[in-house]
Structure formats: C-alpha cells, structure tokens
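There's a structure below that I have some questions on.
The letters A, B, C, D and E name the chains in turn, as written, and every chain counts its residues from 1.
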Amino acid sequence: MPGIETHELAKMPSGPGRVPVTCIDYSPDQFQIQEVTDLDAFLAQHRPAWSAVRWINVDGLTDMRVLRSLAEKYQLHPLAVEDVLHVHQRPKVESYNSGADDLPRLYVVLRMIELINDHPRSEQISMFLGRRTLLTFQEAPGDVWNPIRQRLAQNDSRLRRSDASFLLYCLLDAVVDACFPVLEHYSNRLEAIEERALAADPQAIGDLHALKHDLMLLRREMWPVRDLVLSLQRQEYQTVSDTTRLYLRDVYDHALQLIDLAETYREITTNLTEVWMSAMSNRLNEVMKVLTIIATIFIPLSFFAGVYGMNFRRMPEIDWLGAYPWSYPVGF
Amino acid sequence: MPGIETHELAKMPSGPGRVPVTCIDYSPDQFQIQEVTDLDAFLAQHRPAWSAVRWINVDGLTDMRVLRSLAEKYQLHPLAVEDVLHVHQRPKVESYNSGADDLPRLYVVLRMIELINDHPRSEQISMFLGRRTLLTFQEAPGDVWNPIRQRLAQNDSRLRRSDASFLLYCLLDAVVDACFPVLEHYSNRLEAIEERALAADPQAIGDLHALKHDLMLLRREMWPVRDLVLSLQRQEYQTVSDTTRLYLRDVYDHALQLIDLAETYREITTNLTEVWMSAMSNRLNEVMKVLTIIATIFIPLSFFAGVYGMNFRRMPEIDWLGAYPWSYPVGF
Amino acid sequence: MPGIETHELAKMPSGPGRVPVTCIDYSPDQFQIQEVTDLDAFLAQHRPAWSAVRWINVDGLTDMRVLRSLAEKYQLHPLAVEDVLHVHQRPKVESYNSGADDLPRLYVVLRMIELINDHPRSEQISMFLGRRTLLTFQEAPGDVWNPIRQRLAQNDSRLRRSDASFLLYCLLDAVVDACFPVLEHYSNRLEAIEERALAADPQAIGDLHALKHDLMLLRREMWPVRDLVLSLQRQEYQTVSDTTRLYLRDVYDHALQLIDLAETYREITTNLTEVWMSAMSNRLNEVMKVLTIIATIFIPLSFFAGVYGMNFRRMPEIDWLGAYPWSYPVGF
Amino acid sequence: MPGIETHELAKMPSGPGRVPVTCIDYSPDQFQIQEVTDLDAFLAQHRPAWSAVRWINVDGLTDMRVLRSLAEKYQLHPLAVEDVLHVHQRPKVESYNSGADDLPRLYVVLRMIELINDHPRSEQISMFLGRRTLLTFQEAPGDVWNPIRQRLAQNDSRLRRSDASFLLYCLLDAVVDACFPVLEHYSNRLEAIEERALAADPQAIGDLHALKHDLMLLRREMWPVRDLVLSLQRQEYQTVSDTTRLYLRDVYDHALQLIDLAETYREITTNLTEVWMSAMSNRLNEVMKVLTIIATIFIPLSFFAGVYGMNFRRMPEIDWLGAYPWSYPVGF
Amino acid sequence: MPGIETHELAKMPSGPGRVPVTCIDYSPDQFQIQEVTDLDAFLAQHRPAWSAVRWINVDGLTDMRVLRSLAEKYQLHPLAVEDVLHVHQRPKVESYNSGADDLPRLYVVLRMIELINDHPRSEQISMFLGRRTLLTFQEAPGDVWNPIRQRLAQNDSRLRRSDASFLLYCLLDAVVDACFPVLEHYSNRLEAIEERALAADPQAIGDLHALKHDLMLLRREMWPVRDLVLSLQRQEYQTVSDTTRLYLRDVYDHALQLIDLAETYREITTNLTEVWMSAMSNRLNEVMKVLTIIATIFIPLSFFAGVYGMNFRRMPEIDWLGAYPWSYPVGF
C-alpha cells in the first residue's frame, strides 16, 4: 500500500535515559512499524482506521513518564501499573473489569529467560491485552520476539489475519520456547558433572550445588507460568478468542515439558550427590585397605625385627645358625 | 475543617499497665486521630457524623478491661475475644453472622513479623471488621503501620476515599510486606553459611540447623496467611467490598512469593547440609591419604632398618661393603 | 430446686469387675448427677421431665452387660457398638439414619491422650449423640473432663443453656486441648536431645529414634481427628446445632495447630539425626587428624632412628662427631 | 425343609486337574451347600425357588471349561473374564451395564493375603455380583472365608436375612481383616531388627531392605483396595443395597488403618536404616579412637626408644646414670 | 468377496527416502490391505463403499509430502500436524472441533517403547481419529501392532465388527502392554544389582545411577499416558464410542500398573543405594577393626622390644636371667 513506510526490523539503539518505544500496526493486508520518539504526540494522534491490531512495545522501565502516559491513555489499572514497576512479580494473569470495552483489561506478567553467551539472563515482561491493542513492557532492550516481528511483516502470515490475543499467544509461545535452550545448557553442565561425580572429583560437589540452585530458581519461575497459561486457556476472558485458546494448549504443553525436564534434572543432581558420596566412600575404603594391608604385614614384622634387636645377654636364638634366614648360604 | 485536631502520628509511650488505645476517624475530606485515655467516656460518646471509617487500635493485651469494654460495645463474639487473648492462634479469618448489620462481624488473626535490630520479632494481630469500623489488637506497641497512618493523614489518598475493608487490606498488605526484609535477613545468613559449608567449617552445621529451624517456623506462619487472604478474596463476606477483593489479589501474590522464597531457602539449607557432609568426607579422604602415603613409605622402610638392627651373630649382609648405601663414598 | 441431690464431682472408685456409670441431667436451671449402681432399674425409670440434656458416661468396657443394656435402650447401631469394643478404631464420625428421631444417631470415636506422670497415656473414647442425650464410653476411669463437669454444675454457664451437641463440642475440645501438654512434653525431650546431638552423644540416636516413633504415632492419631471435626462442622448432621458448628471451628483450629506442631517436631528430629551424623563425622575427622599428625611426625623419625640402630660395619655417619645432635655440648 | 442335604463345611480335596466348585443357596429360613461335580448338569438345572441368594465359589483357574460355562450362563462381560485369568490385576471394581437385570453386572477383583506358616501368601480373588447371585473365583483352594460359611449355616444370622451384596461385604471384610495378622507379623520382624540395628549388626541392613520391600508390595496392594471399597460405598451401583453401603464404611476404615500401619512401618524401617548407619558410624569412631590413643602413646615412645638404640659413637646420654629410668634402684 | 486382494501382513521394506504407507480397509465381512506406492493417486480414488473403517499407517516422517497430502485430504489441524513432526511431544489427546463431521478430529500422541535386543527403543506415535478413519504416523518402520493386523485379517474377530475408535483402543492397548517387557527387563537388571549392592561392589553405584535414570525417564513417559487414557475414557469425545470407552478402562488399569511398577523399582533403587552405602560402611568398619587390632597388639610390643634394644650402659634387666622369656630352657 502506498504511503505506509515499513521500518527496519532490527531494534534501534537507545540513548542513555531514553526508553525505546516501538509501535506496530497491522491488518490482514497492511503493516506498519514505527519507532516512537515523541510519545505524547504519538498518543494524541488517531490510530489509522485500517489498523486491526496495534502492538506497542516499551523496552525499559527507567522513564516513568512513558509508563504514565500509556497508563493514562489506555486507562491501565493502578495495581497493574505498580506490578509492572516491581520487577520481581510472580508470573500471573489478572483481569480488571473496569474501563471501556476496547481498552486493555487483561494483565499478564512473566519472566523471559534467554541464553546470552552461555549465561542465562532473565527479565520481567508485562503485557496488557485489549481487543485490538497489546502493550508490552520489558526491563531492557533485546528480546526473543524478532522472528514474530518478521512474521508480522509477511503479508500472508496467519498472525496478520488474527486478533490481538493471537499476537499475545505468539509472544508467550516465544518466551516459553526460549527456555528450552536454557535447559539444554543445564543438561550439558549436568553431563559434564556426571563423569566428575563418578570419579569423585572434590570440586564436583560445589558445581552440583550451584546447578541445583539454578534449577530450583528455574522451576520456581516455570510453575506459575503453567498456571498462567492454563488460566488464560480455561477461563472465559472476553479478550481472548477461541482460536487463541486452542493454540494456548500448545504453550501449556511446552510449559509442562519444561517443568518435567527441570524436575528430572533436579532429581539427577540429587542422585549425583549420592553418586559422589558413594565414590568418595569407595575411595576412602580403597585408601584404608592399602593402609591396612601395609600395616598388617609390616607392623608385626617390625616387632619381630625389634625383638632380635634387643640387647639381652641371654638370647639363645641369636647364636643359632639358622635363625637369620639369609645367613646359611653366605655363612657357609 | 475547623475544630478537628490532628494528633502527632508518632506513637505515644504508654505508662506501665496502661494499654494505649488510638482512634482514627476519617472520611474523604476529614481526618482525626485521638489518643484515648478514658476508654469508657470515649465509648459512651457518639461518633462524629462525618466519620466514614473509624479505626480503633489497641496496643497491648494486658488490660482486660479495655478488651471487655470494646467487646461489649461492638458485640464481638465471645469465641473471637478468647482468640484475641490466646496469642498463639493459627492465622485465620472467621465470620460471625449474628449481631446488627453495621457491627464488626469478620475476625482476622495473623502474626506480624518485624526485623528489629537484625532480629525477627513477631506478635499476634487481631482485627475485627465492620462496614464502617475496624478494631485492631496488638500484643505490644510498635508496628509496621506508620506509613498507612501517614497516608490516612493525606487529604488526597485513595485510602481516605475507600471503606473500612480497604483499610484492612492496607494493614494486611503492610504485615505481609514486612516479611520480605525478614527473608532477606535469612538469605544473608544463608549466604554467609554457604561459604563456610563449602570449607567444611565444623560450626556451620549448628548454624544451618538453627536457620532451618527459623525457616520452618516462618513457613508455618506463612502458609495459613495464604489461605486467609484467599478466603477473604474468594468468599463473599458482606463487609469486604469488590474493590478490596481486587486489591487482595496482590497480597495473595506476595504471600505466595514469601512461601516460595521460604521453601527455596529451606531446600538450600538442606543442600548445604549435604555440601558440608561432602566437604567433610573429602577432608577425611585427604587426611587419610596423607596418613596412608606416610605409612606406606616409612613402615616398610622401618622394618628393613629394624632387620639390620638385629643382633644375630651370623648376618652376612652386615659385613658387606655396599650393604649400607652411604658407606661407599665415605668408607673408601 | 428442692429434692435434687448433687453428687460429689470427684469420680468414685469402682470395685473389680464393676464398671462405673455416671448420669448427669441438666437444664438451664437444674442439674443432677447420679452414680448408677443398678443400671437396669435406672434405664427402666422415666427421665425427669425437666432434663434438657442427659449425659451418661461409662468408665470401662469390661462389663458387656452395661453396653448391651444401653445399646438396647437407645437402639444403638450394631456396627457402632462393635466399634466401641474394638479399641483401636481410627478416629471417625458416623451417622446412622435409622431409629426414632430423638435417639442417638451420630457416633464419634477418637482417642484421648493424657500426660500422666510425664508419660503419655491414651484410651479410646466413643460418643453417641442424640438430640437430648449423649452417651460416652471410656476404656478406663480417669479423664480430662472434670472441668466440664464443674462448669455443668454452675448455674449460669453457657453449657447449661445449650443442647447436647454443645456438650459434645466441649468434650471434644477438652480431648483435643489435652494433647497440647503432651506435645510440650515432646518439645522438652527434643530440646534435651538437641544439645546432646550437637555434642555427638552416642546415646542420642536411640532417644531420637524413640521420639520420632512417638511423634509418628501421635500424628497418626491427630490427622483423622482433624477430618472428624471438619466433617462434624461441615456436614449437615441433624443433631448438631448451628451454634455448635460455629464453636467446632475452634476445635478444628486447635487440631490443625497440633498437627502443625507434631510435623514441625518430626522435621526437627530428622534434622537432629543429620546434626548428630555431622557431629560424629566431625569428631572422626578430628580424631583422624590427631592420628595423622602424630604418625606423620614420628613414623619417619622412627625410621631414621632405626637406620642408625643398624649394625652394618661400615656406617660412616656413626663415627661423625655431629651426627647425633646432642653429642656436641656434652661430648666436649 | 425336608430333602435338602447340608454338606460338610470343610472344603473337599480336589483331584489333579479338577477344579472344585461349591454352590451355596440360602434364604432366611433355608440353607443348602453342594459340591458341584458335573458343572454342566448343574447349570442346566433350575435354581430352587426358595433360594434368595446363590453363591458359587470356584477354587482354581486351571480348568478353562468351568470359567467358560459360568461366563456363558451368567453372561459375564468378556473383559472381566479376561481379567479373572490374568492374575496380576490391580484391585478394582467395575460395572458392566449390559445384560439382563438380574445377572451379575458388578466385577470386583482384589488380592487375598493370608499368613500361612509365618509366611504371607497371596492369591487373586474375582467376584461377580448380581442381585441374587455371587460368583467368586480363587487361584487355589484354601481361603479366609470359613467363618462366613459357618455363619451362613446358622439359621438366625443377619447374613441369611440379607441380600447378595451383603455377602459380598462379608467376604471383602474377611479379606481385609486377614491382612492384620500379616502386618503384625511384619511388626514382629521389625521389632526384632530394631535391637540389631541399634547394635549395628551387619546383617540387619539386608533384613531391613527385605522388610521394606515386603511392606512396599503390601502397600501397593492396599492402596487400590481402599479406592475399591470407597467406590463400592459411594457410587450408586444398583446391585449394592443401602445396608451394605453402610457396612462397607467399616471395611473402608479397616483398609485405611492397614495403610496407616504399613506406612508407619515403612517409615520406621527408614529410620532404622539411619539408626544402623549411626550405630556403625559410632562404632567406627570408637575403633578409631582406640587406634589413635594407642598410636599417640606408643609411636612417639617407640621413636625415643629407637633413638637410644642408635649406634652413634658419641651419645652422651647413653652413659648417664639416670638416663634409663629403672637403672637407679637396681644399678645401686 | 471376489476381486479384493489381501496383502501379505509382513511389512514391506522401504527404499531410502521412501516412506512406506499402508492402508487397511475393513468391514465385518470384508478386509483389504494395500501398500500405497502412489499416494496422490490413492487419495484421489474413492474409498470402497463397503469399507466401514479405513486405517492409514505412515512409517516415517522424513517425506514431508506424504504428511502434507494426508493433512490436506483429511483437513488435519495445522497445530496437530506440527506436533506430529516435533517428535518430543508430551503424550496427550486433543480434539479439534472444526472440520466436517466425518473427518479425523481427535489427535492422540504418545510414545511406543519396545524392547529390541534387550535394549529399550522408543518412537513417537501420532494418531488421528475420525468416525470411520484412523491415521497413524510412526517415526520409523517396525511396531508392536502386527498381532492387531492379524486379528483384523480374521473374519470373525470382534475388531472387525467395531468402529474406528475400537481400533484406536486396540493400538493403544498394544502400545501400553509393550511396556511390561521393558519393565521386566529393568526388574532383571535391578535384581542383578541387588546382590552386588549387598556385596558392596564399587561398580554397582554407577549401574544403579544409570538404572534410576532410565526408570525416571520411563515414569516421565508413563504419567501423561495415564492422563491421556483417562481423558479419552471420561470426556465425551464424539468419535469415541461407548464400547470403546468401556474397554479403555482396561488400558487405564494397565497404565496405572506400569506406573506403580516403575515407582516401586525406583524406590528399590533408592533403597539399594542405601544398602550399598551401608555395606561399604560395614566393610570400612571391618577393615579398620583389623588395622586397630594389629596396631593395638604390635605397636606397644614393638615399643617394649625397642626399649631393650636401647644401648644405655646401665640397664639392669638386660643381664637378668629370666628377662628374655625364651632364654631359660636354652640358656641352661
């Protein structure tokens, strides 16, 4: 369509203190992405009539004015806005019934865990879903959603023909699926430790403890995600369409699989601690057996050598010819 | 408003045997705090017509007459009054249907845990909620509610425009949130022990045991609080407004987070016990290895030295030139 | 009222083979207690018209005729009667719908645990509740209900104004509350063991094992009591009044607290076993360190001493002046 | 009634390959037991008109024709018939709605555990319940039901006046109650091991492991029995009368008690393993302490003895008068 | 029926890159099996009018065109098609309500575990069930369904007279039952390890760890199968007939038994680790006892021998006649 400018999908760098805000509008046959520099001017504008879904993504929570302007414009509930700012929320979904019909009334918060340079990094994601609008807030730039932005830019994608709740599903799906490489990373660490545990490497225990700690935290993040997705899927939230509900079953399955895996790895670390202890106990046994064999042979022998080293005047054996075993062949 | 005197918010010291009673009245546009010295005279008086919510706070349970007067005036249920006095109640919420419509009929009891001089201190809090009245009983002066008293004194606060159940929510929220510093305190202790466990410090086990004990008690306090808040939020108590119910979801989330944290810390202490044992077992192994190496080298050598210390007459090796390794260079 | 004789409340001693039966009748303004010596004559008599509640307590199960007479008179269900006699019932409540309206149709069985001479003693209590009648069967004389008998004898007590189910509540409450001293007794034993475990006292393990065993049995007794009380409180048994139901919430809370405590103590005993093992392992380490230090120093030294005790003819060092360190100052 | 022959109640021995089939008919005033030798002739016959309940018991599954004939006559469901033959079914109750109204439509399968010569023996019991008919199949002759056969033979028993589902209850009750002696047997074994564990008997661990294994299997058998009885009691199976349902509560209680006991014993075995380990660790400590004391005293002493056994020419102490402690009194 | 060609039941080998597709049509009186070589031609054809059930089995997922053609023809839901390809699905059943009435709308996915050459091998099985059609997708050729193909070829089998959901039941049943030999294989491995654990074989711990790992994975596979079968049996899916639902109870029982067994084996492996540790600890004790006995006897003796090996001039005992025990009989 003429006149609609499509921005580069790569995320633009943000100056210090400036929170990047990106707005994507789309309908089955149109797509527009704009980087918002003047938020107030942007919010004052009317939204294009053709826009079926508008997704506003905020990449940082440092600029309070951005959040405040959006909260005012979209009448976000104060409790939810507070939760956006406190970045250690338990993953949850909440619905606020007040507000006009087409305003975002569903609030979803969870953590996005990415593997960056072999190191898991997590940030809190807040999402507000309305019938035709989705607002997302991240702690920092950088996310797992670039493939979704690319699919949105394609004219024939299913995503373009669907509503805002389907976009929410896609974002959730991407966040959940991003955990699999994290778990695989743990699985690799676990395998590396496994051999060392069987070899009773003294360092292995500290590493096992650290890994168990990480898995415990991951599991603590994942359990509520499962409930969140189940709630989105089961409860009759007006803004979530039936199609989205169907697709959310898939996210639910993946969340279950993640939890299963995390639990399994945790059990294996527990087993490995036992294996390590066993290997250690085995090694102690070996060491003690060597000591005992040496001592059992040589301590009594030493005693007998000592006996014949005594200086008693009358020790008849001393003078016997064969008393000292090697004396014969030489003494003759 | 003229003629309404606002007391200092700082809590007044109480003489021995005197239980301080504070009464706060407020409406959207008025606020009054008074320290009650003559309770009977106070209870005989009519409540000002403008007062939308009255909050009476009692800072001690030593003066039975105070409790008795209030119980009579507000027709508190005898079972609930008994629970106020027995200060080891399980946190719970109970509703008593008898009594006139605007009397306090909802009884909430839980424990307030504060961190005072790096030491957790807890006391039992009893609350009676009516449509327009809230009674709170503490074991001792000093609480976590001063910020709420300050918000009440501000003319434009949401709290002033809301009903008594919203005040109850704020108090509950403050009590639950006061547990987070306590948990952080435990987390610090845990980190300090972690290093000592890895170093197999013999004292670490006693400290771990004490910490586990504390976390166990905290968890025992927190689980019923979760049920309490859930019950307040889910069940249709007449005196709890819909808005309050919405806000209670937040308290519920915080309670869940507290329990999650307490559980996580408990698991970590359990792991640390294992880590300590492993470090100990490793150290034993090291010690035994040293012993075995020393013994394996020197016990047989000692035996051979002993052999040539024997006084047998016929020991041909004794006279050999090279039998004693160092004899050559010198003996020649 | 004239002519009504009030018996002494202290329980009368029973001759061998004689099962003491006590009958208490009361109404708001009258009270009568009688020791029944001739049960058949007693049962043939009409109950005084003024009696609002009749409580018959049987202190022993050795005389089958007593149970049979009462079962016949009050049409107790044969299954329940069987359960009275088998004294290892799981605590439970059962309702039998057959029988006339004012006969006891609710059967409650649980265990009463008392602390006698610092030693817990338990016996099975069976109770049959009708609208105006309560039958209780104990295994042996002696119980925790004397305070209730005293309250019944007071003219102005709430108990006197209430129905039979309220009496049942009071008896249950007394039975549950009698467990708190038992748990405190365990808590004291636990504290005593705690210090010994930290000191790795070898006897502590046996005591810990015994204590864990006791706590396990207690918990096994308490869990079903919780269900019993919940069932009494929740289910709509006709003979249990709404007031009683309200008061039963209190018993339920106490049962929960007991279970919480028992669980906590059990966890602590488990921890203490670990603490003991750790202390033991620590002590072993200490012992081994001493041994290793001694051995590391003296075994090599002994070897060198042994070397110069050898009788080789050519050992040049033997003749050196400074070979033996102490030879100089003296040898000169 | 004349002409009705009452068989001996003792079970008749069966020839090899012959599966004994016994048929009992009864009504409140009549009773007949017959050993069926020609099954086909028997099934072709009409059942006596006076027979209120017919119980056919098959003592073996080796003769397929017996099962096939009965399945055909009573239109047993093929799935259930298959389950009868596969003797490792999970205890369960299943209802098959097809078939005429008075045919057996309820299928119950569970295991009967007996203590024979101090050794638990178990076999699978399958039962088909109709309104007036009960079929039971056992794996082998010999069961715990002889007391029930005797009660059936008595004219005034409650059993005779009740329907077929009451007979099913009695059989279930007997099967469940037969587990108590088995558990007592385990309890005795447990007590015997307890002392040995405290004495750190090396054999005790193997015995504990075997006992734990047995208890685990028992528990695996008992859990589904509990569900089975609960389902019979709660669900509205047409062939189970209300009276039977009332009595089944008793079986349910006993099943619960069995599970409680099995769990308790299992926990005790786990504790005993810890106790054993503790005793072992204690013994190791004792042994090491002895070794260390001996070594600490004599290894340094030996060194000093060795020093003065050295042959250095210049060892001034050698010639001192008091160097050797015992030289004085004698040397003078 | 003339003209209907019955293929050999043995599976035909597939050329590289060619995915074998087999189509079976049957009705009570007819049966036809054909290997599909040209899928598009096959799908363009009309299905024979007599065919009551059509089962299309695809033995591989490498040829995307096969899946795409089938998905198009039978309007499979895109989400389900995606799941077919991702071969690490959690076992589940999902229903897609869109599509015409007689198209496959129920999607079932689970894993088939076979024991091939004493080694468990697993592959993912996806099934789409319609009223008259069943599609199954396997990862690779070879399965546990040949007995079912043989029963289908028999004219009088119940399977031939039933609908497509009954075929689904048979396939599920075969898949679940194929796990029993796998568990038996684990049971054998467990027994082999049991003896080695009691003998404290150092290798046993590694094998136990591996076995525990395998059992953990098996359990992770089996739990969702249980839920899957329960859901098929309980929920009212239109394409599942009542008869099938009845038979699925059997599959459910078998799944429960599998889980029970896997849990039991897992508990036994845990116990065996303890047994191993105990045996090891016992062996250490034995070794240490030997060492201590040797050391306690000979170290003091060596010391005394050393004493009389000292060269002090004045050692009166040296000259005594009886000082050296063996000197008398010889010295005289």
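Note that in this section contacts are C-beta pairs under 8 Å (C-beta built on N, C-alpha and C of every residue); 3 or more make two chains touch, one makes a residue touch a chain.
Since the structure is predicted, the reported quantities are computational estimates derived from the model, not experimental observations.
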item: Co-neighbours of chain D and chain B - touch as defined; value: C
item: For chain B placed onto chain E, the superposition rotation in degrees, Cα atoms, nearest 5; value: 145
item: Inter-centroid spacing, chain E versus chain C (mean Cα positions, whole Å); value: 47
item: Chain centre separation in whole Å, for chain E relative to chain D (CA means); value: 29
item: In chain C, residues with contacts to at least two other chains; value: 277, 281, 284, 288, 291, 295, 299, 302, 306, 309-311, 315, 317
item: Graph class of chain-chain contacts, one of line, ring, star, complete, other; value: ring
item: Interface residues, chain B side, partner chain C - complex; value: 79, 83, 88-90, 92, 94, 96, 202, 205-206, 209, 212-213, 216-217, 220, 273, 276-277, 280-281, 283-284, 287-288, 290-291, 294-295, 298-299, 301-302, 305-306, 308-311, 315, 317-319, 321, 323-324, 326-327, 330-331
item: Partner chain C, residues of chain D touching it in the complex; value: 198, 246-247, 249-250, 253, 256-257, 260, 264, 267-268, 271-272, 274-275, 277-279, 281-282, 284-285, 288-289, 291-292, 295-296, 299-300, 302-303, 306-307, 309-317
